[in-house]
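Labels for the chains are A, B, C and D, by order of writing; each one numbers its residues from 1.
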């Protein structure tokens, strides 16, 4: 075992800079991949924040009784989709109207034409137009309900945007993820290929495949976790600095923790890359 | 010369797969970088489209004469910032109000309280909040003007978003660009390092540095342009397919042409990477 | 016991060995003689299982080329020392580590390993160069490192491919004496060489090979 | 004309050469004799400008180690053939291309190049192996490729480092005859070897080197 560790560490020294290149490439690839992940997380945070403003307004019939309204409120509150419920009576509606359109408007009319309403704020995760439609369907037949309104077009547009963004995000994540795996494993591959002669000689002197493989594997894992650590530290601190500089970006609390994912990722990629590279070489030896 | 070409092509065969790895890495890096460029272009297109809906509404005083209004229109039309001007008279305003708030509202009032207005659509490129402020300043003293409204908060928010996006875009472009350069030049470096022995022998047999360098340089350029071409083709067709699938993404006409930039880029990076790598090796030989 | 049974070896269109049969008994010292390009190295590589015969089979103790499993080859190589014509030193580690590697693969204890490596290096006259890298050594010194690595395991058989080629007269006779001593202690030695004088002065059996055929 | 003037060569703490002075006249054939590790290869490498002396200077025709510019070294090497002890073949190209490379660097015409390479390969007895890769050749064959490459340029001086080490008697005497013929035609030859017998049978001057000192 001590042999494996000794050899793995010596590997970095022996390849003169190749180990450094490998670590650097891993770090750079993971910075790109991890940075993308963080940007995507922020993007989702942004969308979620925008969506939290989605409200359903249920206008109540003037003829609705107090019991009917209470019954409606009870039903709504029982739904998991409903986060908050605000009752706006006729007077408050009039006051709001006047605030928007200037005073004197309603004075000219004998009777307040504005209905009372229930403003429903939705739980995050239930803000798609389908969920909204479901809620509406559930309550629209209630006696108390006169009319239901929500920014239908707006919500649908947002839904579509999220759909496109998700699609692009998945695509980009896949592409960048694949690119990182490709680049890291190739670099590791090249550094091991450069030692093909040594591997061949080891075999000729009686080393088993697993004996040859072990130090390379450990070297790959060490190099990968080193690269991953550099990437993680960089991402963490850049993210922190950016969130301080642009508070509007730090929408997902703890998003920067995702940065630390790069360490096990680098480790896995370094180890796996080494494993594949060494296996390919060993398979082609006599 | 024919020697250089022959050697450069033989290089790919001799390194058994290393050339392929190099081309692959170049292609992958440039797909990531080029893909990012295209996404950024689309994003700007999206923002521009959203901003095109920015309007200034100039409410006209009920006391304004026809001449004053025409004068105001003339002044506005003379401004380069103004793209379109729409006159909404009191009746149209009332009709619009009724469409939004239901009929019967205004019937109750003896006199139409809604003012006539001019809706100003802005030329693209003049949609920042400063430009809008300038326009407002220029006309707010006009007799005909009662009040001017625009989505101040909204436009400012959009401005801020664009600022952040530009910052992130420049940052990401720099990071990914640097990463691509790093990864490509390192891979080229590794494939050339693997032939260090050959280079040393060439020197010992009387080859000048430039004689040794030429085929490697050409090999790097060929490999780079091959990788660049793969990246360009991939980006071009994926972009085309995406624009057909999601028409809302194809906002900047001809954006896909940026894909072809990857070919000279790959060429330059491959050549430069080779040059640096070979120079480093030659410098360390006796 | 080493045995080759009607072995043919062809690579592409070239016939390297043609119907080679030979047998070396346990404890024997045998010369494999032949001009350049005769096929001596190929014979040794076949016995070391670095290559497999195209036809026929090779046997080394209980290991037979037609039945051996890949994972048993390392075990075989640990018990047979091979002195390579081109030395095959690991150039990324020093002389000590090069020789130690042959013991390391067997899982030897560290203390034992150190003692045995130094002992063997001294035996071939290179004790003072143990911390050098292979590129820093002269041709003859590299050859002796390769010899030391082959011996350090105390193999039951020794395959020596031109082991004295880069050595001066004196060093060569020292190494030859070393191999003869080992042979006296029971090690089988098969030594490929083109030095016909050597065989004339020594009382050992001689296998002649030319153009891939044994005479 | 080859000259070394009070040359010292130290690497790290090791003194490889100590106050070595020697002179080889134009058209001479000189043996450089010494045991393994004496410093023969180092002397040849210094004359080939592969290394620079720590003290003193080396002169080869008009090229002096203390004044030469780096960019003139390739020109020098094209006019001096070196047969390396470890062959130094380009293993990523075949035998023909290996030998041709020494002509290619001089910008020779393709037709001339082809003729001369085949001629030289035939001279060393390897014409039939021209399309092989170096790894496919036996030790002696590789050595002869290295010899062919050194000769193909028609150099005015030949530095031969143990050029007969991997060759059988017959091939060795053929190559030696070849070198003597070239010497008769005016080529200066400096040949490092540990084969003391060779020098005894030939009427050439002999430089003895041991432990880095000339005697």
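Quick note on the criterion: a contact is a pair of C-beta atoms (placed from the backbone, for glycine too) under 8 Å apart; a residue touches a chain by one contact, two chains touch by 3 or more.
Given the structure is predicted, the values throughout are model-derived calculations rather than measurements.
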Chain of greatest Cα-centre distance to chain A: D
Separation of mean Cα positions, chain D and chain A [Å, integer]: 67
Chain A and chain B: spacing of chain centres that average the CA atoms, whole Å: 23
Interchain centroid distance [CA atoms averaged], chain A/chain C, Å: 61
Chain pairs that touch, as defined at the top of this document: A-B, A-C, B-D, C-D
Partner chain A, residues of chain B touching it in the complex: 18, 21, 24-25, 28-29, 31-32, 35, 39, 104-105, 108-110, 113, 160, 164, 167-168, 172, 175-176, 178-179, 182-183, 186-187, 189-191, 193-194, 246, 248-249
Chain C contact footprint on chain A (complex, rising order): 3, 10, 14-15, 195, 197-198, 201-209, 211, 286
Complex interface listing, chain C residues touching chain A: 48, 50-52, 71, 74-78, 82, 84, 88-93, 101-102, 104-106, 149, 153
Residues on chain C engaged by chain D in the complex (per definition of touch): 11, 34-38, 40-41, 85-86, 136-141, 144, 162, 165-171, 194, 196
